[in-house]
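Two complexes are shown next, each including chain A; its partner changes from chain B in the first to chain C in the second.
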Partner chain A sequence: MLHAVGALESGACKYVLISYGHSARSGDSMLRMLSDMTGDEAIYGHFGAAGGYALAARRAMHEFNTGPDSWKHIAVGQRAWANLNPQAMMYDSRLTDEGYMTAKWLIEPFRLFDNCLISDGGRACIITSVERARDLKHPLVTIMGLGQHNPSGDLQKADYLAGPTGARIAGEAAFSMAGIARDDIDACQIYDCFTYTVEITLQDYGYFEPSGGKDWFMGGTIEPGGRMPVNTSGGLLSEAYHMGLTPLTEGVMQLMGRCGPRQLGPETNTKTPEIMLCSDNGGILQTHACYILRRI
Partner chain B sequence: MEYAKPLPQVNADTRPFWQGCRQHLLKIQKCKNCGLLRCPPAFICPECLSSEVEWVAAKGKGRVYSFAVYHAAYQPGFQDELPYVVALVDLDEGARMITNIVGCDPGEVYCEMAVEIVWDDVNETFSIPKFRPLQK
Partner chain C sequence: MNVKDKYAIVGVGYTPQGKLPERTTLSFHLEACANAIKDAGLSREDVDGLICYRHFPPSTGEQDVSPYLVAQHLGISPAYLFQDAN
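Moving on, here comes the complex of A and B:
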């Protein structure tokens, strides 16, 4: 996104397409990509992203007493959104607290529904100048703020697994550029490779103190009808895994009012959104990007 | 019986580490410029970018920084060990390494648990450093 804005601002081009497409479910390329990430950790049976995030989540349980009682609200809340989204892989599949808690362990402390999906499909979005976008058929959605922070390349050196992750500094940069405060955000689309990723990202953005997540999520905060909707397509956990484009495109579509039964506003008993926060991260919490978008 | 799990992919950076392991010595890189202990081995220091390095032997005692319990085998060689524990261990000397915790039930492992090294001689070439609860 930063590159896209740079290319547009410098006049190098007029439109930038950000796209992602993958036959990750029907082919084996996702598994090959994840096993390529694995080096000598494989000696110890440590594989892919789930193992690394499980280490991060376990450290967080130790440092600020989070755990499945917090994460169930994320898995169940996002599933409620997916149940309103006919495109979501989990559209027809309900999830209750009990269903979450009784699912099998994969890499403890993660149960099945703490993990994102593996999907076939793709996403794309086009970025252009505000002047050009004014002439297009959809409502205008602008970028208010951007921030990036990439704390480390090496899991063994990582002291941020239980936060603050890159979200802290990236979020501060994005809010500062946007000139707004956290309370101005109407809804969030958070990169959710695992449930814990949603908790630590919102925590680092300052929505709650460490260990405050469980109370913050309780009572349907992020669900349809909740006071801070999060991942309104179902997200990577319950809609489809298209990397950072799942949260980004959902943020844009919600602001444009193109989301049908899951549209934020009167249909879902939520506030009609004007300002949306989206996030993306990579590696094992090693890179982070924060975007604040606004409908004009 | 043939060893069914992945073996170290030795390269110029990691060869001294695995040679040490074969002699049951846990050798860690120490930056000669800034003193940083680093794991895994690398040809420059991530803090000061110096390529001057020495190898120091760690005592093999430390604490669990974090751990994950695998209930699924993502490689067939681990099937018989389920559930097994992968951990990040902070050595007393200061470096953090990825390893397995063995010699106890996975349910007994916790963050900050004191552990000590135990060597797994997996074939005639490699010994793999693992950790178990510190014996009294």
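Moving on, here comes the complex of A and C:
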């Protein structure tokens, strides 16, 4: 996104297309990538992205009061959104607290439903100036603020396993540019490679203090009808894995009012959204981007 | 840098998603791009910047996908091509 904005801001481009596609589920590409990521730590049994995030999540369990009792609300809440989204891979699959808790361990402390999907598919979006956008057909959705922060090169050298991740500074930059406060956000689309990623990201954005996640998520906060809807397509956990374009495009579609049965507003007993927070991160919490979008 | 409300997202492109063993990475890029262009109400000639978001090693039997390849198959020649990091 920052690259797209840079190309537009410099005058080099008028319409920038951002494209993602991957035969990740049926091909062997993901396995190749994860093999390439493997370093000396593999002799200790640690390799792949799930292992890295599991390590970070385990550290967070030690440092502040989190764990499966917090994460189940994320997995179950996002699944409830996916059940309203016919495009979602998990549209027909219900998930309860018990279903979450009785699922097999994939890599402790993550059970099966703490992990995102792997999907074949693609996603794209187009960015242009507000002036040009006014001549196009959809409701105007602007980038109100954005920020990036990339705090370390790799997991072994990180000192932020339990936060703050890049989300803190990226979030501060995005809110500062937008000139708004957290309470002005109507809904969030958070990059959710694992349930814990959603918790640490919202924590680093300041929605709750460390150890406050369990209470914040409890009671259907992020679900249809909840006070802060999160990942309303089902997200990477329950819609499909198109990396950061899953949350970003869902934020855009919700603000445009094009989401059908899952549309935020009267349809789902939530506030009709005017301002949306979206995030992306890469590596094992090593890179972070925050976007605040609004409908004008 | 302050670009508050200077830029807008004007189109979104979807593809079938899930388990689609007959499809390639390139085909998903092309379908998503074509749908985004159509969704925005633009024509492909309007697109003068193309960013491929994320990059992965190609699956066995597939070619490596670059912004050059996507642009070529879309039939466009943008002023700006960029490959985002993995």
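Rule of thumb we're sticking to: the second predicted complex is superposed on the first by the 296 of 296 C-alpha atoms of A that agree within 3 Å, B and C clash if a C-alpha of one lies under 4 Å from a C-alpha of the other, contacts with A are read in each partner's own complex, and residues count from 1 in each chain.
Basically, a residue touches a chain if its C-beta (ideal position, glycine included) is under 8 Å from a C-beta of that chain, and two chains touch if they have at least 3 such contacts.
On a predicted model such as this, the values are computed, not experimentally measured, just so you know.
Asks: Going by the contact rule set out at the top, does A:107 touch chain B (first), chain C (second), both, or neither?
Replies: The answer is first: A:107 touches chain B but not chain C.
Asks: So which one touches more of the residues on chain A, chain B or chain C?
Replies: After superposing on chain A, more of chain A is contacted by C.
Asks: Figure out whether A:183 sits in contact with chain B (first) or chain C (second), or with both, or with neither.
Replies: After superposing on A, A:183 lies clear of both chain B and chain C.
Asks: Go through the superposed model and pick first if A:92 touches only chain B, second if only chain C, both, or neither.
Replies: neither
Asks: Applying the touch criterion given at the start, work out whether A:243 contacts chain B, chain C, both or neither, answering first, second, both or neither.
Replies: second
Asks: For A:45, is the partner it touches chain B (first), chain C (second), both, or none of the two (neither)?
Replies: Once the two structures are laid over each other on A, A:45 reaches chain B alone.
Asks: Name the contact category of A:119: first (chain B only), second (chain C only), both, or neither.
Replies: second
Asks: With both complexes overlaid on chain A, does A:56 touch chain B (first), chain C (second), both or neither?
Replies: A:56 contacts chain B only, not chain C.
Asks: Would you pull the chain B residues touching chain A in the complex into a rising list?
Replies: 5-9, 14, 38-40, 46, 65-75, 77-78, 81, 83-84, 86-88, 95-100, 106, 110-112, 128, 130
Asks: For chain A, which residues are in contact with chain C within the complex?
Replies: These residues of chain A touch chain C: 3-5, 7-9, 12-30, 32-33, 36, 87, 89, 119-130, 132-133, 136-138, 140-146, 177-179, 240, 242-245, 248-249, 252-253, 282, 293-294, 296.
Asks: Would you tell me which residues of chain A are touching chain B in their complex?
Replies: That would be residues 39-48, 51, 54-56, 58-59, 61-62, 104-109, 153-157, 161 of chain A.
Asks: For the complex, which residues does chain C have touching chain A?
Replies: Against chain A, chain C makes touches at 1-21, 23-33, 35-37, 39-42, 46-54, 56-62, 65, 70, 78-80, 82, 84-86.
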